[in-house]
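Per-chain residue numbering starts at 1, and chain names A, B, C and D are given in the order in which the chains are listed.
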Amino acid sequence: MSEDTCASDCNRNASNVAFIGVGQMGARMVKNLISKGEKVKVFDSVPQAASSVQGVTICNSPEEAAKDAAFVFTMLPNGHIVKDTLLGEKGIMKGIKKNALFIDSSTIEPQQSQELGKIAKENGFRFLDAPVSGGVTGAEAGTLTFMVGGEDGDAEEVKPILLKMGKNVFKCGGTGTGQIAKLCNNLILAITMIGTCESLNMGVKLGMDPKLLTNIINVSTGRSWSSDTYNPVPGVMPNVPSSNHYKGGFGVPLIAKDLALAESAALSVGAPLPLGAISHQLYRTLIANGFSDKDFAVVYEFLKGQK
Amino acid sequence: MSEDTCASDCNRNASNVAFIGVGQMGARMVKNLISKGEKVKVFDSVPQAASSVQGVTICNSPEEAAKDAAFVFTMLPNGHIVKDTLLGEKGIMKGIKKNALFIDSSTIEPQQSQELGKIAKENGFRFLDAPVSGGVTGAEAGTLTFMVGGEDGDAEEVKPILLKMGKNVFKCGGTGTGQIAKLCNNLILAITMIGTCESLNMGVKLGMDPKLLTNIINVSTGRSWSSDTYNPVPGVMPNVPSSNHYKGGFGVPLIAKDLALAESAALSVGAPLPLGAISHQLYRTLIANGFSDKDFAVVYEFLKGQK
Amino acid sequence: MSEDTCASDCNRNASNVAFIGVGQMGARMVKNLISKGEKVKVFDSVPQAASSVQGVTICNSPEEAAKDAAFVFTMLPNGHIVKDTLLGEKGIMKGIKKNALFIDSSTIEPQQSQELGKIAKENGFRFLDAPVSGGVTGAEAGTLTFMVGGEDGDAEEVKPILLKMGKNVFKCGGTGTGQIAKLCNNLILAITMIGTCESLNMGVKLGMDPKLLTNIINVSTGRSWSSDTYNPVPGVMPNVPSSNHYKGGFGVPLIAKDLALAESAALSVGAPLPLGAISHQLYRTLIANGFSDKDFAVVYEFLKGQK
Amino acid sequence: MSEDTCASDCNRNASNVAFIGVGQMGARMVKNLISKGEKVKVFDSVPQAASSVQGVTICNSPEEAAKDAAFVFTMLPNGHIVKDTLLGEKGIMKGIKKNALFIDSSTIEPQQSQELGKIAKENGFRFLDAPVSGGVTGAEAGTLTFMVGGEDGDAEEVKPILLKMGKNVFKCGGTGTGQIAKLCNNLILAITMIGTCESLNMGVKLGMDPKLLTNIINVSTGRSWSSDTYNPVPGVMPNVPSSNHYKGGFGVPLIAKDLALAESAALSVGAPLPLGAISHQLYRTLIANGFSDKDFAVVYEFLKGQK
């Protein structure tokens, strides 16, 4: 981008992105926006969270952050909080401009996204659900995948900004389909990760070297992202949580939350999830047994045993 | 390979490969051996099976096939049959030469492979377990993966022959480790396939297009061989069983058998297999409900419902 | 009860019980109230349902039924319908007397019961959740168990009426605890029934006579209501659905509904339900495969196979 | 029994019962035999085990114990050990009299029992499989249930002796059916216990008193031996392991062993065990996480969480 287009572009961006919710994910996403030339106003209900992000304008409410913004992002723990942040006192709705684009990147129930979309329509602004895949690592590296539900034109309009935080943007269909795609993906992710943990634990206990076994699986029919990119056995791959005491990464309570959302969505259409349901309960059992602060690959350690 | 080494090499091979068990898999493997210049003596307990393979010498017993062979292959339904074929009347042991190499490509219990290895040692010949991954399609195309357990030198010796039937040969460790690697792989395969079926069924029922959803998953953390190479939804990929009424492919009873073997191996070392166990039972339930002649991806249809 | 107290008592009851929702359960419960001297006004959104009940006064709305009633019962499919019936146009709230007792015998989420209790308090009437166990058979025979949540005094007051429809009344604790007890019971019921089906199917396939096996289990540690009172194998007991082609009884969709409610309640407090979750999915799979109109013991037939 | 018949009866018994395997169960069973007038020769591979039993004749081998015995009992950990004890050097077969009755009360695979029966027939003695239900408590109290497979006449003959150790004797059918009945019972037991733990844990976390909840369940459709006789919640019942830190009782590894045997038997006839399989894996997970020395009701504590 040349200097002068930057100038005009920066003007366009000047103060027109709002980002509400700068926790583990949001803070890293905003960092990428800032480093790629966007100007961002942020709000977080935890003041320290907001103040830890460099180069942004900190606001005192969602209303204040949304004022004048062309793009208002939310990255929040659940659908109830998103709704409160939109509709509450000093909420987004109080400040948002006519025709502005409200993009929710939180993972929430598809039906909740549809409800938000309806509220947007009735109140003269636009809505996209745009949950992400890739976790904290992807947020840090700017390689997230966005799964977007809503109007095609709206998705096209925000795409350049999404690509500053990620490398893939999928338009999935109407409002809520971004959430559906996200839940479908994470359902497989949980199941495949647990399956990979079961298999590698069995192999190691039967005397196989986990690296060799992984190499074989990775060129065979058992290969998956869980074996070739995020291997759950300590020492098989560097720079993944399993090789760092399962610290960081995709926390057990978060995958449990996504599985609960998937079950709820599946129930609404009568789709059975036998492995999904038992995977969910396995993660609930891990939570009950003290694994809440670990990466979701810690199932390996749980199955291996503590001795 | 130059013309003259070929000549000597072909002489070497002349009548020195025996292949016992020419069913769905074995017949296709032998076809590749023949087309790539090997001369093969075959035996099958079903005479029609043997006679349907072109260009081979048909024998009347394992003993007869093994006589003079440098390499004796078995590709049989289970460990008891392999053992009978070795030790029975007119069995391999009656005919096998001193120091010949007995290669079992059947999928059997690792402990059974170890027992076969012990028998070989005590009787002056050599043994490798070399089960395959890739199924009927891989056998047909000559793209199987061999997972080999036993002595390194023995594995090296047979590797050129294996590469006429497959494209990957993995040396896994001592006797039985080929079987362990195979079971570990297929355990993940079954779990991941069912998980992929659950997810895609849920997504489709929620209104997503299965091709679009598959495309998203295939570049996201839910990707696996089951989604990107062997997709279980009819019409998403051509040339896979799901797009042909789940005909052919990897039959439900075969994956159920592998899961039973995996559970047995896991039990011997106290490794829990929560998803493996429920996957096994799901396939047993499919068998009880009339899906025995279908590819293992038919779980999609089972979960979707028959109406 | 002596003749003259009967007279005054009958006067008391004259026209002061309202019953909204006279489906499979409600109609039978009302029949018992009528036959034991109560006078009942009924409403059902399906007019034929209401008109099929003998000896009652049929009303045109919940409001009309509730007018003048001291006790207003609801027996409806889910919590949303109960709430609509209370709050909707011509709903109960429009007609209910100050201080009247609203008793919801539907099975709904405990949280929903608590919400109803709060609404009652704010609007000057009283609320009890009083779901039942015993099914259509118990409703017919007047042998239901009522699990009651709310104020002790209120529970005492309605107890004589409940005992006209059932034989056990349990006061469980504050508002919502009736539902909790019901869900806890039905969670065990589903799991135990499926376990009993698995066991008896295995035993029969291994050559045991199901009656003999049942007799043994019924005096051993495996005994339960599912084996000694509601045996799932055709022919073992007379007068249970399994001996009548699994017709009538406790339908598959109803137990599936209760398991969904149990999972939702468990999730709210982080209680893992591994067997509960897989039982739920098993019933969802039965629904997908055409067993929706069968008694929940039909799992036996499903596991046995259709051939 | 009158004095003089006692005299003759004692003579009959004098030195004609052999009991091999006096661990937790066997020692208590022998104690009851002794206290009820039998004279018993015992052998155990652990000398201290044998010497801790009062009033018996200690032997140096199964052969020695079996010599002159009319009834030879085994109570051993698994089928391989039973077979070794029968066929090994100084084994039972070396000492057993023509036509003596060999009664195996161990829990082993039904097929293994059938094999033992065949060996007996070929060698001129008689065989019954007679596994027990009731655990250490039942063994101590002499209230075991015996499930007997084999010839009716043989079962009748040993029945008076069995009734000195238990209160129920069920003749189940031909050889092996005792084991089948035992496995069928314990399969339900494991599933029902886990279901009861899930339910009570959920109820308690939702605020219910466990005693009240248990009382309700025990008169409702969720009742079972696991809730009314062996309740898993500490403090609900006295004198059960849950009220004594899950000490004693029916150990986790033992129920896991029975579930493995049940799965193996079910597999042989293609009977699906979805809840049985996941229950087995749950117990394997408990073993991996340090619960091996606890009663099988400890699932309650595992689901509740360690905090």
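Keep in mind that, in the parts below, a residue touches a chain if its C-beta (ideal position, glycine included) is under 8 Å from a C-beta of that chain, and two chains touch if they have at least 3 such contacts.
Since the model is a prediction, treat every value here as computed from it, not as a measurement.
*Asks:* Could you tell me the least number of steps, going only between chains that touch, from subunit A to subunit D?
*Replies:* 1
*Asks:* If every chain is reduced to the average of its C-alpha atoms, which one ends up farthest from subunit D?
*Replies:* A
*Asks:* Consider the two chain pairs C-D and B-C; indicate the one with the greater count of contacting C-beta pairs.
*Replies:* Of B-C and C-D, more C-beta pairs in contact link C-D.
*Asks:* Based only on mean CA positions, could you tell me how far subunit C sits from subunit D in angstrom?
*Replies:* Computed from C-alpha means, the inter-chain centre distance equals 39 Å.
*Asks:* Averaging only over C-alpha atoms, locate the centres of subunit B and subunit C and give their separation in whole Å.
*Replies:* 52
*Asks:* Could you tell me which residues belong to subunit C and also touch two or more other chains?
*Replies:* 270-274, 276, 278, 282, 285, 287-288, 303
*Asks:* Pick one for the touching-chains graph, please: line, ring, star, complete, other.
*Replies:* The chain contacts form a complete graph, every chain touching every other.
*Asks:* Considering the complex alone, what residue numbers of subunit C touch subunit A?
*Replies:* That would be residues 260, 263, 267, 270-274, 276-278, 280-282, 284-285, 287-288 of subunit C.
*Asks:* Looking at the complex, which residues from subunit D come into contact with subunit C?
*Replies:* Checking each residue of subunit D against subunit C gives 110, 133-135, 145, 147, 168, 170, 172-174, 177, 180-181, 183-192, 194-196, 198-203, 205-209, 212-213, 215-217, 219-227, 229-230, 262, 265-266, 268-276, 278-279, 282, 303.
*Asks:* Under the touch definition given earlier, write down the residues of subunit D that touch subunit A in their complex.
*Replies:* Listed in rising order, the residues are 274, 278, 285, 287-290, 302-307.
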